[in-house]
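Each of the next two complexes has chain A plus one other chain: chain B in the first, chain C in the second.
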Partner chain A sequence: MEINTLKLCGFAIVGAAGAMLLREVRREFELPVRLTATVGLLTVCVLMAGPIVKYAAELFGLSPIAGEAATIVLRAVGIAMLTRLGSDFCRDMGVPSVAAALETAGKIEMLLLSLPLLSTALDTISGLLSQSGL
Partner chain B sequence: MKRLFVFILALAAFLSFLSLGTSASEAMPPDYDNFLGAIPEDVAEVLPDGFFSNEADKVTSAVGEAAGVDSLIDIVIKAFTGGMGSALSLFASLVVLLALCALVGASGDSLSGSLSDGASFISSLAVATTVVGLQYGRFEAVGAYFANLRTIMTSLVPVMSVLYLSGGNVSSAAITNTTFVLCLDLIGILVTGLLMPAAIVCLALAMADSLQIGKAPSLSGVSDMIKKVITFVFGLASTLFAASMGIQNVLAASSDGVGARTVKYVAGNMIPVLGSTVADSLRTVAASTKLLRSTVGVAGIVIIAALVLPTLVSLWLTRLAFFASAAVGDMLGCSHEVKLLRQVASIYGYLMGAAAMTALLFVFALTVFALTSSAAGGI
Partner chain C sequence: MDVTLILKVIGIGFIVAVSAQILGKTGRDEQVTFVIIAGIVAVIALLVGEISTLFTTIGELFGF
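Right after this comes the complex of A and B.
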């Protein structure tokens, strides 16, 4: 799949200009246009990241221990980016309280995601301590 | 690397010096079998077959062969080839994770502050979990090394006592027995009660330190203090034992020599006709006992070398993998993770120091044992 920056910029500018024009002419169509442009760009991002994720999975396959941890990190990055996107959208619509709540939810989800890692690390340390007789 | 090289050279010099001119044709002491039984299988594999014979001349030539520099180099090469794979795999795993951390750091600009903090916390936690998870096998190997060292030295104490006694060194036998048992007990306590727990606590502190976000105080000062205390205690214990063993052995050998000379004088002058023959026989017995003692002493040193060299090489390779990963992390700008990797590498440095220090202490004790003159013959 070949996507170049020029096309992406063009799509983004057209989307933004369309939304700006519609704000003046037909205000009720502004939001769907902005949403379409954002979702379109996001889909392109996901398609572009495909080969990177595939390559990373190959790398992680070489080391099972690192692979498990790396998968969690990738998911955390994904959660952070989506949350940021969603909260920005909410702020654009003039509802910052929803944006803040979404960011809090994102942070809690990341925290939940990190719990297995944290418990593995703590289990290992307590295992090492009991192995040494403490 | 320099310290490891100097250590190997010192060990080689000890062995070549002690392995000079040994040949005999008699049976080994009765407790020698127990000593052979205590040798771990992986160490036994690298020893020549004659090492396990009960005939002194075969054992002596096998010990001479095993004490050669080429056999030591062989052990080091085998340890390098064996440990290289796991060190490279550790390095690869850490580099993959560090690359991911760098990616998280780079995408941090496009995230809001708190979300970026959360993502970098998870990436630091991923590196910490991987690093901590990999320590199980490695710490277990270090613990097994100390346990094997203690088992071997414990099995060697009766052999040493018998050989001291048969050479007329009664005081040396008593001193060696007492000092060695005390030394082994203390090393056991220091390793299980101080060294390994301290290493684990330092690992936990390093992990906690790397997970701190914001301006929390660094915990590296606490782990530095713990490491300094370990080095001081191990250094002090080794110096005290080495000094006490050396001084006591010199005094005991002199006292045993005076006693044996009195016996010889009495035998030579009080027993008519046979008196001088008895004195000559004592000299012959002393010579063969001295030979057996050198053989057993060098055999003990060879076993210690075969035990400590792979452990040191493996620890050094692991340390190198952590330092190399830290250098990569520096280039990628992962400061939290680099701190963790450097602290873990320094823990390995202290483990290496403790392993080398204990091995050298026993090598010194066995050298004193092999070189102490037989009181019966004044040899």
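Right after this comes the complex of A and C.
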């Protein structure tokens, strides 16, 4: 899939112009146009970010300490992106309370995901303290 | 990213707007509501697939 900046700009401008026109004619259809433009552009962003994420995962894999944390960190980034997208969609539709609940759920899920890392860190710290005789 | 999708959504919006105006002028106000609802449902049906693709792509990228 060949993507260039000109196409992205064209897509964004068509979406913005359509949303502006429909706002004047019939307000109900402004939101779907905005959503379509946002979803299209974000899909391209995610597709473009694919190689970067894979490279970051490879770099994480080189380090034996960070290797096991890499999966957790990447999944946490994914959860953050998904909850942010979902909450933005909810805010666009005029329901900020659902957006806030979704963000809270995402934060709790990330905390749950990182619990093994936290326990590993605490074990390491307690091991160091016991070695030093404290 | 497909420009035809956004053009489809804009087209449906304009068709619904014109239809609603014509129906409103001819005194069929109750049908205006149905036309608007049908238009919104059609647009959402178009959008759901794209949103699903976006979320699936993010999920696959970050290892869900």
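Everything that follows uses one rule, which is that the second predicted complex is superposed on the first by the 116 of 134 C-alpha atoms of A that agree within 3 Å, B and C clash if a C-alpha of one lies under 4 Å from a C-alpha of the other, contacts with A are read in each partner's own complex, and residues count from 1 in each chain.
As a working rule, a contact is a pair of C-beta atoms (placed from the backbone, for glycine too) under 8 Å apart; a residue touches a chain by one contact, two chains touch by 3 or more.
Everything numeric in this text was worked out from a predicted model, so none of it was measured.
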item: Touching partner for A:Val53 - first (chain B), second (chain C), both, neither; value: second
item: Which of chain B and chain C A:Leu129 touches, first, second, both or neither; value: first
item: Partner chain in contact with A:Thr83 - chain B first, chain C second, else both or neither; value: first
item: Which of chain B and chain C A:Phe11 touches, first, second, both or neither; value: second
item: Touched partner set for A:Ala105, first chain B, second chain C, both or neither; value: neither
item: First, second, both or neither for A:Leu74, with chain B first and chain C second; value: both
item: Chain B versus chain C as contact partner of A:Leu117, first or second or both or neither; value: first
item: Chain B/chain C common contact set on chain A; value: 74, 77, 81
item: Footprint of chain A on chain C - complex, ascending; value: 1-3, 5-7, 9-10, 12-14, 16-17, 20, 36, 39-40, 43-44, 46-47, 50-51, 53-55, 57-59, 61-64
item: Touching residues on chain A, where the partner in the complex is chain C; value: 3, 7-8, 10-11, 14-15, 18, 21-22, 25-26, 28-29, 32-33, 35-37, 39-44, 46-47, 49-50, 53, 71, 74-75, 77-79, 81-82, 85, 89
item: Chain A partner contacts - residues on chain B that touch it in the complex; value: 89, 92-94, 96-97, 100-101, 103-104, 107, 110-112, 114-116, 118-119, 121-123, 125-130, 132-136, 139-140, 143, 192-193, 196-197, 200, 203-204, 207
item: For the chain A and chain B complex, residues of the former touching the latter; value: 56, 59-60, 62-63, 65-66, 69-70, 72-74, 76-77, 80-81, 83-84, 87, 103, 106-107, 110-111, 113-114, 117-118, 120-121, 124-125, 127-129, 131-134
